[in-house]
Every structure is written in structure tokens, then in C-alpha cells.
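Alright, structures below, take your time with them.
You will see two complexes here that share subunit A, one where it goes with subunit B and one where it goes with subunit C.
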Partner chain A sequence: MKGIITKLTGDSSFDLKNWLLDNIVTIIFWVFIIVGLFLARDVSIDWFFTELCNRFYRNAFLILSLIIPVVAGLGLNFGIVVGAIAGQLAVIAVRYWDMGGLSGFLMCILIALPIAVIIGLLTGILYNKTKGQEMITSLIVGYFGNGVYQFIVLFVIGVIIPVQMGHPMILYDGIGIRMSVDMGTITYSLDNLLQVPFAPFVAVMAFLVLAYTLWYQFLRKAKPGTKEKMSPIQFVLFIVLSLAVGIFAVAQAVTGGWMTKVREVPVVLMLVIAALALFITWLMNTKLGQDFRSCGQDQTIAETNGINVNRTRVIATIMSTVLAAWGMIIYLQNMGTLNTYTAHNNIGYFSVAAILVGGASVSKATISQAITGCLLFHAMFILSPEIGQAVFGQAALGEYFRTFMVYGVIGLSLGLYVWRANKRTKLELKPREADGTLKA
Partner chain B sequence: MVESVKKFINKIGIPTFAVGALLVAILIAAAALGQSIPTLLTDILKRVGMNGVLVLAMLPAIKSGTGPNFALPVGIEGGLMAMIVCMQFDFSGWALMAASAVLAIVFCSILGFLYGKLMNAVKGAEMTIATYSGFAIVAFFNILWLAIPFSNRKMGWMLGSGLRETIQLKNYQASRIISDLLAVDIAGVTIPVGVILVLLVFCGVVNLFFRTKTGYAIYAGGGNPRFAEASGLNIDRNRVIANILSTVLAGLGIILYAQGYGYVQLYNGPLNMAFPAVAAVLVGGATASKVSIANVLIGTCLFQGLMTAAMPVANQIFTGTDLSDIMRIIVQNGVILYALTKVKNGGDR
Partner chain C sequence: MNEGILEFVNVGKEYSGHAVLKNINMSVRPGEIHALIGENGAGKSTLMNILFGMPVIHSTGGFTGEVRIGGKNAGILTPHDAMENGIGMVHQEFMLIPGFTITENIKLNREITKPTLMSKVFGKRLESLEKDNMARDARKALDVMGMDIEEYVQVEGLPVGHLQFVEIAREIDKTGIKFLVFDEPTAVLTESETENLLDAIRKLAKQGIGIIFISHRLEEIIRVSDRVTILRDGEWVATENTKDITAKEIARLMVGRALSLDRVEGNRQISDEILLDVKGLRVMMPGEEVKDVSLSVRKGEIVGIGGLAGQGKLGIANGLMGLYPVDGTVTYKGEPLDVTRTDTTLKKGIAFLSEDRKGVGLLLDSPIDLNIAFSGMEVKGDFFRRVGPFKLSDRGAIRKHAEDMVKELDIRCTSVAQYTGALSGGNQQKVCIARALTLDPDLLLVSEPTRGIDIGAKKLILDLLKSLAEEKGMTIVMTSSELAELRSICDRIIIICEGRVAGELSPNDSDEVYGLMMSGVSKEEAMRAGGETNG
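Moving on, here comes the complex of A and B:
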């Protein structure tokens, strides 16, 4: 057994038990979704994929904004909630001035930038003062930010910042913003730029993956130090899957199957998401990216190597906050309305849960984990009420179940991570306790 | 003069000072606005009685070194389940209180034991994991409230299955049963002597517990784990005991809360109940690693006082806006953030 696994994975240190522990959440979700698709018979496959794609376009950018802080050793930044708040403030300003369309969208992006930088700076400084407790701090920062934000939109706007009476966005007594703000022509301004049908898009993507895999395995000259080739099992999987998906998509496009009924793909939005992914990959290879990584591995060593740890961590937080603000604007242009007082509340939980489902942990997160996590998490989210309806006759049960999954996933993956880290430190001769006795 | 003021603030702590000053300012504003101070004080005392034991639940957890019990909902759900089971069998009045208290101790001991084990497995990140354990258990019990076939008509929806979101205790002759006990009127202020006595008894019992050998051991393990371990104390076991105690207090606390409120709140009612309790004990002068009974009592009075007094005042000055709730959010989370910046040597792995 061991021999076979080693041969398949091309990695002699592969340990099945550790692999299972590393990926337990992802596995649970795969099983849930596959079983769920069988159970929920009423779900039509094209509706499922339309929903899933929609949620992907909406959330992918937000989830990607979590990667930088993880690499920099800050853990999972639940504080992207305050980033989202910055985005919402920008949206409110732009809608107040009644700008619309793509220029309105770009204006939101522009206005959100300075707000998010300032908020990010403040939270970054706070994280430096609470080292070791960043995650609970980031959660509370989200709540605190929510309070300040509500104070601004409910009181400051109207009492301190003068606004025009009778503006459709302002409450009737001239103080505060209404419960929901219509995004006007900003709605779908990015989505609608260029849309292509789903089936051909999937086919093209699948064949691109196929070509890339072949290039990676046979033609590429590996840089020294990087992994030379995929393991046999990975290679075969990639080839078979991409070929199957590609051929299936072509067949669907030709015969007009369910894939032709799936929502069209907003190419520009996809390009924006891809650009962010590329940016993060590029960033990690720059000096700054290396600094992030050293801070993430060991702050003391980073400091002795002449890296200004605190400054680096603040930069990571600012970047995450700005990206979250932009992500929120993208999310809102897809939604069409801004629920002024509640839109930001669950952004932190959902995004963190999603990236964890993709297999990320407190200290490691990659782009592919963010993408797969986004798809898996939202597939669960769509299916859960349907399963509740199909199996128990109660959709509400499924809704409570998915909330349970959100918190459960976060608790389980964080708990497993800390538990295993603690076990490891115990194995390594208790270094911290050793220096404790020295000092005593 | 400035020096001595600074010294005074440092001595009682910035959160205590800030919230205390705010409370005094609001009470003065209330008097100036012509609001009835006795009514305000009555309301404050009522809220203190309702929340006191929930805040007291923070004490064992902090003393044992796991930090404030952000997983308060674990105990709360245990207490609620105890009440619901007793109400299913049509207990009412004092019998309901007694039976659900006994059952709550049983349920919460089991939950607290498991939770304590969990806290031992995740040393160094207790607060984060605790928060999510709390959230997860609320979501899990949401499923139970809907799925367990409770059949008592007073608790169900008119149509369909599952429990109601809020269940009136009036139908069980248990609304404000302890809160109205021995209530005394002094100059217009109603003092709920019964509930205050109950709160003080709980404080006394917890205080006595921390004077036993086990209690001292828990305290020693929380203050200096390495030293305590070197002296042969079983820290992990003590932390479990402390968390059982904390969870049981949360379970009993919610029963006291529910009778004072007059309703049992199910589903997402308990979701965010940990944060006000954590904030209250911090306002009382506790830190993430140090706490006393006085911190609990002072904190509950100040924090609940501020929350209760702010609402009518804010509503009168700025009609139509819900400023008092915004203030609650900012004060509550600001206090917790401040305490987090004071946590020493967090598990920096």
C-alpha cells in the first residue's frame, strides 16, 4: 500500500493519515456536494451552475484578498469586513452623486482606495499590538468597524455632513441613509462589458489547462529549486479531467444541452479575478513578498535579517483591506442593491470559511485553494436548503445546517490546525518551556 | 493634580474609568432632560440581576488561564435545552425553575467537559476557537429546535413543526418569578432583592470554591502554568474543571435571564450573548488573565447601567435614530479590543 502511494504521488514522505487530516474539510465538502446532488432531485443542473457561477463571480475577489495576510503570518483576516465597509462608503458616495455605469464603478474603486488604506493602516497597527491574537482581534475589529460604520451612515451623514433633503437615498427626516441603496446603472457594469456563452468558454478553458499540463510536464525547463514535474497521479488526473470536460463542453455546445442554459460568462470580470491572482503570484516573488513570507515563518528571524516586521505586517493588512474594499464593490455591482446596514456582516465569515474549505490553513493559503474553496463552499450553500427540502421537507433545516457548516468549518479547521501545531511543539522537546526554565 | 488623576485612572483601569464617566454623564443628562431617575435605576437593577450570573461565568475561565469564555453560548444552549425539556413535560412556576436548574447542571457539565477538553487541545488560540465553538453550537441547536419533535402546544408554532422563536414564560407561571421575589420599593426605586440575593449566593459559592484546594490549584495553573506543573498540579484537569464550572454558570445564568425577561429566546438569540458578558467583566477591571468577584459585580453594574440608561436619553435627544445600540456596539467591542492589546505573550507560533 505504502509503496503504491509513494509511486503514485512521487513523494516518499507522503503520509496518508496526515494527508487526510490536512484535507478533511475539503473531503467532507466533496462528499456532501456529491451526495447532495443525488438527494436533491428537484435541482436542475443548469440552475445549479448558474447560481454557482454567479456566486463565484461575486465572491472570488473577496476570497483572494485573504491570501496576503495568511502568508505574512497574520492568520485569517476576519477584518476584511472593515475593507468591505470602505467599499460600501465609496458606493454610497458615488450613488449620492448619482454616477452610474462603468465610470461610476471606477469612481467607487478610486474613492474606496484612500478610505481602505487608512482603515487598513489602523487595523494593521492594532494587529501589531495584539500579536498572537490577531484572529480574534480581526473578528472584533469587524464588529467594532460595524459600529463606527453605522454611526456614520445613520448619524454623521445628515447631522455633521450636510446632505440634500429629499434625496432618494436619504431617510425622510434628512438624517441617515436608507435601508437599501439601489446601485442604478452600476449594476452589472463590469459583468456586462463582454459576455460569452458558458459551454464554449468552459471548452476553451479545459483545453488551455490540457495544453498547460502537457507543457508543464514535457516541454518546460524547470528552474533550479522548483518542483520538476507533477506526480504521475496528478498528471493523469489533470489530463483525463480536462480532456473529459473539454469534450463534454463541446458536445453540449453542439447539441444544445443544459450547458447552453447556464448564465453567460462575464469575461472582463474573469480577467479581473485572473489579474488579481497573477498579481498575488507576482508579488510573492518580489522582495516584499519574500518579506511577507519570512514574517510568516518566524518573526524573530525576520527581524534579525533586517526586515521591519511591524511595517511589513501593516503593509500586508493594508493590501488585504484595499482588495477587500474592491472585492465588495465587485460583489455589489453583481448584486444590484446595497443593504446599507447588513451587507458587510457575513463577508468575513463566508470568505474565511470558503478559503478554509479549499484546504487553506492559518499559515498557508494559495490561489488554487481560494478558487476551489469558493466553488465548493458556495455549492454547499446552494444545495443545503434544497437537501433540507428534499429529505426532511423543511428548507429552513437546510438553512440552519449551512450556517452550522460555516461556523463548524472555521472552528474545525482552526482547531485542527492549533491542535496539530501543539502536538508538534510537544514532540520537538518543548523548546518554549525549555527557555522558560532557563529564565526562571 | 493631573498626576493624581492619571494615577487614579491607571489604578482603576481605562475601560472602567471611561465607562463609569460615560454612565455618570448619561445619568446627569437624563436628570437634566427631566427623565425619572428612579425608573432608570429600577431598570438598571433589573438588567443587572438578569445578566449577573452570565458575567460571573467568565470568572472561572479567566482564572484557569483559558481567557474570557467566548464560548458562553455552549452553556447557554445547555440551559435552554434544560428549560425546554422541563417545559415539554409541563412543569411550571417554581417547579420549572428547580427542575430546569438541576437538568441544566447535568447538561452543562457534559457540554463543559467536552468544551474543556477542546480548550486543552487548542492551547494558545483559545479565544478564537472558543468564539467559533460558540457560534457552531448555536447553529447546531437551531437544527435541534427544529428537528426534535417537541409536542407541547405552548411552545410550537401555530402551524408546522419545530419550536417558536420566543416562548412566553407567562404561560408557565414563571415570568419574572425570581425577579419579582421580595421586591422592595424605596423612594420609587424597585429593588429586586430576590434576584440580587440569588446573584450574591452564586458569587459566594464561586468565591468559596476558589478557596478550596482545587480552586487554588486552578488559579495557580492559570497564573503560571509552568510553575504549577512543576509543583505537580494537573493543569489540564483543572482547566477542564474550571470550564465545566463556567459552562454550568452560563446554563444557570440563562435561566435567570429568561425568567427576568419573561421569554425564552431560541434560535439565534444566544448567538452574540458572549460579547456583552465578556465586555462587562473587562469593564469591571478584569483582564484576559486576571479577575475577581468585584470585577464581575462592578462590571455588570457599569456596563448594564450604561446600556440601560443610554437608550431613553439617546432617544430623547436624537429622536428616530438608534444611537444607543450603536454606542453599545462601539463600547462593547472597543473594550474587548483594548483588553486584547494587553494580552501578554499570546501563542506566537
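Moving on, here comes the complex of A and C:
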């Protein structure tokens, strides 16, 4: 067994027990989804993928906004809620002026930027004053932000900021915003820019992965200290899987199988998400990114080496908040309506749960974890009611279950993280030799 | 003459009116290895903190005197200023980031970058890293010391000896490094690693770097240094050329008798009965690890445990109380004692006064009476009234007992309802003693009983401990960094060095013997060397 695993991972120091503990949340979700797909027989596969892709396009950007604070040692930033609020304020302003289409969307992005920067700055300063308790602070920041936001949209708009009576967005007495705001032509403004059918897209992606694998194995010059090549088993696995998926997708496209019924892929939105992923990767290779990592690893050492830790942490928070604001705008253009008073409420929990499902922790998060997490988490979300329906005859049970999963995942991940961290730092005597004498 | 020389001129420092450094004059020439030695609290770290412009100095009112480089006042106010002046430090506890590679650690916050499009708009921090150049620099710094370890290896999991070299490489890599401070660099190293390190230090000195070498190991100082400066109680004692001085003389100068706590021989009744017998004790207390200690204590005696900071003397009492992971065979009153069980240890009549009075010893936000009664309530179930199925604390009894104790130990307070946080150090210590006495112990473990207590009160505490032994027949094991106080009341003193017993001394042995033994010299050698001057 050990030998197989070593061959599979190409890493001789691999420890199965540790690997299981590190990835327990991800594994639970894989098992749940696979079992779920078997149980919920009524779910058509094209519907499942349409839903999954939709949710992915909607949420990926938001989840990616969590990475920078984790790297900078601030933990999981539940405070992206205030970023989302900044995005919503921008959307409200733009819709009030009745701008639409792509220009309206870009206007939202532009207006959200200064709001998010200011909110992020204040949040970052608060995190610096509550070092060690950033996560709990970020939760409270979310609630507090919600309060201020409600005050603005219920009272300030109309009483302090004069608005036009009878505007379709304003409540009938001229004070406050209506329960829901129609996104107008901003809806799908980004999604609709360029769309391609699902099956060819998957085929192209699969062949790209194939090409990358071949390049990685045969043409790449490995830098010293990095892995030279994949293990043979890994290599074969990659080749076979990408070939299989690619050929299957081509076949589906030609024969008009279920893949052709899946929602079309919004290429520009995908490019935006890819651009963000690339930006984060690039950022980590700059001086600022290195400072994020230093602060995240050890604040004291960073400080003694002359890094301005507080300033670096504030920058990380601002970046996260701005990205969350933009992520929220992308989310809303996909949704089509803004539920003024509730849209932002669960953004923090859901995004955090998603990235944790991908295998991230309080101190480590990568792009691939964010992407995998986004897919797995939302697959669970789609399947839960269906399983409830199939097994218990009640979709509502599944709905309860998924709420349970969201909070359960957060609780389990945080608990495991602390448990493992304590175990690592636990003081222990060095073991004695077999005959009871002490080691020299 | 004083081209590039580093000088401390009349340097002094007070912490809230208490002078910890007085008129220090010392100089380090380029290319010289200058050893700095002194007991705990002699002022070595304060002096180095001044050199580095650490916030702890400047947030407490700065210092007097001047630090000069090349004859000019260097005006070092922050660690950054120190770095600008070419002063570097190799820390005792490694300032390395475990998750980073060696290169990343060496280049921490001094990364080589090149401009990018984004950096032109948003500023220098968005310049991208030139990892190849960074690796090349790191390689160069490692090669200076002849390290053949790969620069792209992650620091986590490297042997301790290598960590030390990575730290040094980081300092070497800083351009224009002129002075390098080594703070107890060999404390955690094995013998061969120490050899390598000393070689590296000599190499660096040859390249014209002035080196301040802080160590408690006299033998190393003799071997590697050109000059040695000895500090004692915040005062400069001597600066000598190392070749003109012996380890014995250094030891004598280092220890000396600073404050005169005269020894009054008491009339203690020491029986032959062994009360506590410890064999092969090991304690994993961070910074005070006990590696292998065996000792026995007879009924009625006061045994002192001495040694330098970080050598493990504090770990013994903490380990016996089960406060840190511990193993070893302990026999108490002829019965085996499971030292990992703090509750049974307390019940069997062993009480402990912690060196961390404010953290572990006292409930600072609670009144004196509760502090005194607390252990008694927890351990023996005293001071409770039974009301039906409930046990309620008996406020009256607690107050009465506390008032008796306050009178007996002469604790100065407004009333027993006063919070202990508001008391002076000496009175806080008395509250701790009162609490220990409430348990009516047979064996009292006392750690650093006079730490942070002014001189007048010190005497009172020591007298109190002595009278406990003489009048109540209590057995006391007292751990202290201050030899003078150990020598004033103890019957014999066990010196701990590097987690092991270096030897046992009588309070009347000479200063040199104490000094040598604390530096790890064996008893026979120490006695021989010390005997020469006495005899």
C-alpha cells in the first residue's frame, strides 16, 4: 500500500494518515456528491452541470477574494461581506441613474472601487487592533457593516440624500430602497459578451491539459529545488483522463449528447476569473506578495526584519475587500436582481465554507483549492434538496441539510485546524532508548 | 586610530528609576572578537538592546551616554538605524521563517526585485522578485562559511546547527555589515557544530568584521576571543586581553559578591531521613529544559538550586509539580510519587511558589483573602460549609484565616479585601507564601523568590523562608539566579548547567568555584582552580 502511494504521489515522505486528516473535508464532500448522484436518480446530468456551471461563474470571483488575507496571516476573511455591501451600493447608485448594459456594469465596478478601498482600510486597521482574533472580528465587521448598510438604504437615502419621488427603485413614501432592485440590462452583460457551447469548450480545455502534461514531463526545465517530473503513475493518469474527457466531449458535440444541453460557457467571464487567478499568482511573486507571505508566516520575524507588518496587513484587507465588491457585482449581473436587504448576508459563510471544502485552512489557501472548493461546495448545494426528495420524499429536509453542511464544514475545518496546530506545538519529552537510557 | 571602531561611552540605562546599566565603557575594533560575559541581569542584553535601538529601550525613556561608530555618535534609535550602521545580530532564538526556503530567509525583506508595468503605476512593492539572483546571493553567503547545503531547501526540519548558519549567512549577505553580535550562539549546538561555528566566526573576523561574542562558556571565550569584557550587576568590571587572563579570573570577576547578604548560620534540625529523592528527572520546559537531574533532599534542610538562565534550573521545580511534560523516578517520604499528577503532589504536602508570580502565582484581580485560601479550597477542600447538597465557601473562615496570615507574615495591606494586583512585589510574594502555608506543606519548592523585589524586601523574604525551616521544620528547595541569596540561607547548593547537575557546593566555597561551575567546568577542576587562590 505504502509503495503504491509513494509511486502515485512521487513523494517518499508521504504519510497517508496526515494526508487524510489534511483533506478530510474535501473527502467528505466527494463521497457525499458521488453517493448523492447515485441516490438522486431523477437529476438529469445536463441540468446538474448547467446549475453547477452557473453557480461557478457566479461565485468563483468572490471565493478567490479570500486567498490574499489567508496568505497574509489574517485567516478567513468573513468580512468580505462589507466588500459585497460596497458592491451593492455601487449597483444601487448605477441602477438609480438607470444605466444599463456593459457600460453600466463597468460603472458599478468603478464606483465600488473607492467605497471598497475606504471600507477595506477601516477594516484592516480594526484587524490590526485585534491581532489574533481577526476571524471573529471579521464576523462582527460583517454584522456591523450590515447594520450601517441597512441604515443607509432604509433611511439615509431619501432623508439625507434627496432622491426623486416615484422612482421605481424608491419606496412609495420617498425614503429607502425597495426590497429588490432589478438589474435591468446589466443582467448577463458580462456573461453574454461571448458564449461558446459547453462540449467544445470542455474538449479544448482537456486537450490543453494534455498538452501541458506533456510539456511538463518532457520539455520543461525544472528549477533547482522543484519537482523534476511527475511520477509515471501520475503522468499516465493525467494523460488517460484528459484524453478520455477530451474525446468524450468531442463525441458528445458530434452526436448531440447531454453535453450539448448544458448552459453555454461565458468566455469573457471565464477570462476574468482566469485573469484574477493569474493576478494572484503574479502578485505572490512580487515584493508585496513575499511580504504577505512573511507576515503570514511569522509577524515578529517580519517586523524585526523591517517589514511594516501593519501596513502590509491593511493592504491585504483592502485588496480582499475590493475583490469581494467586484465579485459581488459579477454575482449580481448573473442573478439578475438584487435583494437589497439580504443578498450579502450569507456571502461570507458560503464563500468561506467553499474554500475550506477545497482543502484550504486558516493559514493556507491556493487558487486550485478555491476552484475545487467552489465546484464541490455548490455541487453539494444543488444535490442536497434532490437527495432529500429521493430519500425522504421531502426536498425541504435536503435544504436543512445543506445549511447544516455549511456551518458544519466551517466548524469542522476550524476545529481540526486548531487541534492539529496544538498537536504540533505540544511539548513532548524526547523518547528514551529501548533500554531506558537517555539519548546522548 | 579609531577608524571604524564601535564604542560605548558612559552608557547607562534605568527602568522606572531602577538602574540596570551604569557607566559602561567598551569598544570593539574591526576584525576583533570581543567576548562579553556576565551573570543573569548583569546587563548584557540591555546593552545589546541599546546597540540595536530596540523599542524596549526607547519606549522606557532612552539611555544615557553615547554609542559611537568611528568616533561619531551613531544616533541609533530604531533597529533600522542599527542595520544602516552595519550592525547585525545572530539571535539566540532563531529569527527564521520555517515555511520559507534558505534563500527566502537570507533575503527576507531584502529581496532583489525588478520593475514591472504595475510597479511603475502602483509603486515599488509591486516589483517582481528576481529569484535567480536571490539564490545566487544566498549561495555566495553560504559559501563564505563553507556550507554545502542547498539554498532552495526549506528551513523547516533542518538541524539546529544549520539554522544558526542560515542566520549568519543572512547577516553576511547584508552589504556593509561591520559589526556582528552573537548571542549565546553555541547554546543549542552539538560539539562538532560548535567547532564549525567558531571557525566561521574566526573567518568573519579575518574579513574585518568586528564581533561581539556573548557566551557563558568560558572555555569557548578563551579559545576564540581577542578581548573580553566582564559585566556585573549593570556595571563594567574589567576589559582584558584574553591571552592575559585565565578562565578562573574571569569566573571570579563575573560572580563577585555584589550585595552583601550576610550568612547567619541557623540552628536547623536536619535529620538523616531523605524526604525527596529524584532520579533521572527530565522536564520539557521551553527555554529551561532539564535533561537528566538526580538529587536528594533531607528532611529539614534548605537546598539551593543555582545556575545561569536557560540552563534548566527553573525546570526542576516546575517539572516536580507536573506543569510541563516530565519523566523520571521520584520518591517522596519513601513512596513513589507520580509527578505528572499535580493534584496528588499537592495533596501529599508539596507546595510550590512559582517564579512567575504574576502569571501563575496570583489571581491579581482577586482579594488577598481569596488568594490565600484558594489552594486550600481546591486541594484540601478547606473553607467550605455544607448546606444541604451544596458546598458553599465559608467567607468568614476565609477572612479569619487570611487575617491571621497577614499578621503572622506581616503583609502590608489596607485590608484582606485589597486586590493582590495592587500590592508591592514583596507583599505579593508573602501572599504566595501564605497560600503555600495554608496547605501546611512538608516540602516547599520556591523559585526565584526575590525576583522583581527591592533589596529591603528581599531580606525579609529570605528571613521568612529561613524561619519556616527553623521554626516549622519545613524542608525547602530554593531555586534562584542570585547566588548571593542562595549562599545566605542554603545548607548546600546544587549548580545546574545545560540541563544536568554540574555539582554540589557549600555556601562557603569561593566565587571562582561558583563561576567556573556555572560555566560547565566539572567540580574537581573547579575546586582545584578555586583552591589555588584560596590555599
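Going forward, the second predicted complex is superposed on the first by the 422 of 440 C-alpha atoms of A that agree within 3 Å, B and C clash if a C-alpha of one lies under 4 Å from a C-alpha of the other, contacts with A are read in each partner's own complex, and residues count from 1 in each chain.
Following the convention adopted for this analysis, contacts are C-beta pairs under 8 Å (C-beta built on N, C-alpha and C of every residue); 3 or more make two chains touch, one makes a residue touch a chain.
Just so we're clear, the structure is a prediction, and the values are computed from it rather than from any experiment.
Enquirer: Regarding the shared-chain residue A:Lys129, is it in contact with subunit B (first), subunit C (second), both, or neither?
Expert: first
Enquirer: Under the stated touch criterion, which partner chain does A:Trp282 make contact with: subunit B (first), subunit C (second), both, or neither?
Expert: second
Enquirer: Quick check for you: in the superposed arrangement, does A:Ile307 touch first (subunit B), second (subunit C), both or neither?
Expert: second
Enquirer: Is A:Tyr407 touching anything from subunit B or subunit C once the two structures are fitted on A? First, second, both or neither.
Expert: first
Enquirer: After superposition on the shared chain, which partner residues are touched by A:Asn59: those of subunit B (first), subunit C (second), both, or neither?
Expert: neither
Enquirer: With both structures superposed, pick whichever of subunit B and subunit C touches the larger number of subunit A residues.
Expert: Counting residues of subunit A touched by each partner, the higher count goes to B.
Enquirer: Tell me the contact category for A:Gln290 with respect to subunit B and subunit C: first, second, both or neither.
Expert: Once the two structures are laid over each other on A, A:Gln290 reaches subunit C alone.
Enquirer: Check whether A:Ser320 is in contact with subunit B, with subunit C, with both or with neither, and answer first, second, both or neither.
Expert: Neither partner.
Enquirer: For A:Thr187, select first, second, both or neither according to whether it touches subunit B, subunit C, the two together, or no partner.
Expert: The answer is neither, since A:Thr187 touches no partner chain.
Enquirer: Quick check on the output: what are the common subunit A residues between the subunit B footprint and the subunit C footprint?
Expert: none
Enquirer: What residues of subunit B sit close enough to touch subunit A in their complex?
Expert: So the residues of subunit B touching subunit A come out as 70, 118, 121-125, 127-129, 131-133, 135-136, 138-140, 142-143, 146-147, 161-162, 226-227, 275, 318, 320-323, 326-327, 329-330, 332-334, 336-337, 340-341, 343, 345-349.
Enquirer: Which residues of subunit A touch subunit B in the complex?
Expert: Residues in contact with subunit B: 126, 129-133, 135-137, 139-141, 143-144, 146-148, 150-151, 154-155, 173, 175-176, 299, 392, 394, 396-397, 400-401, 403-404, 406-408, 410-411, 414-415, 418-419, 421-422, 425, 433, 436-437, 440.
Enquirer: Which subunit C residues qualify as touching subunit A in the complex?
Expert: Residues in contact with subunit A: 79-80, 83, 95-101, 104, 108-111, 113, 116, 118-119, 124-129, 135, 150, 152-153, 280, 282-286, 291-292, 324-327.
Enquirer: Note which residues of subunit A are touching subunit C in the complex, please.
Expert: 223-225, 282-283, 285-288, 290-291, 293-294, 297-298, 300-302, 304-307, 427-429, 438
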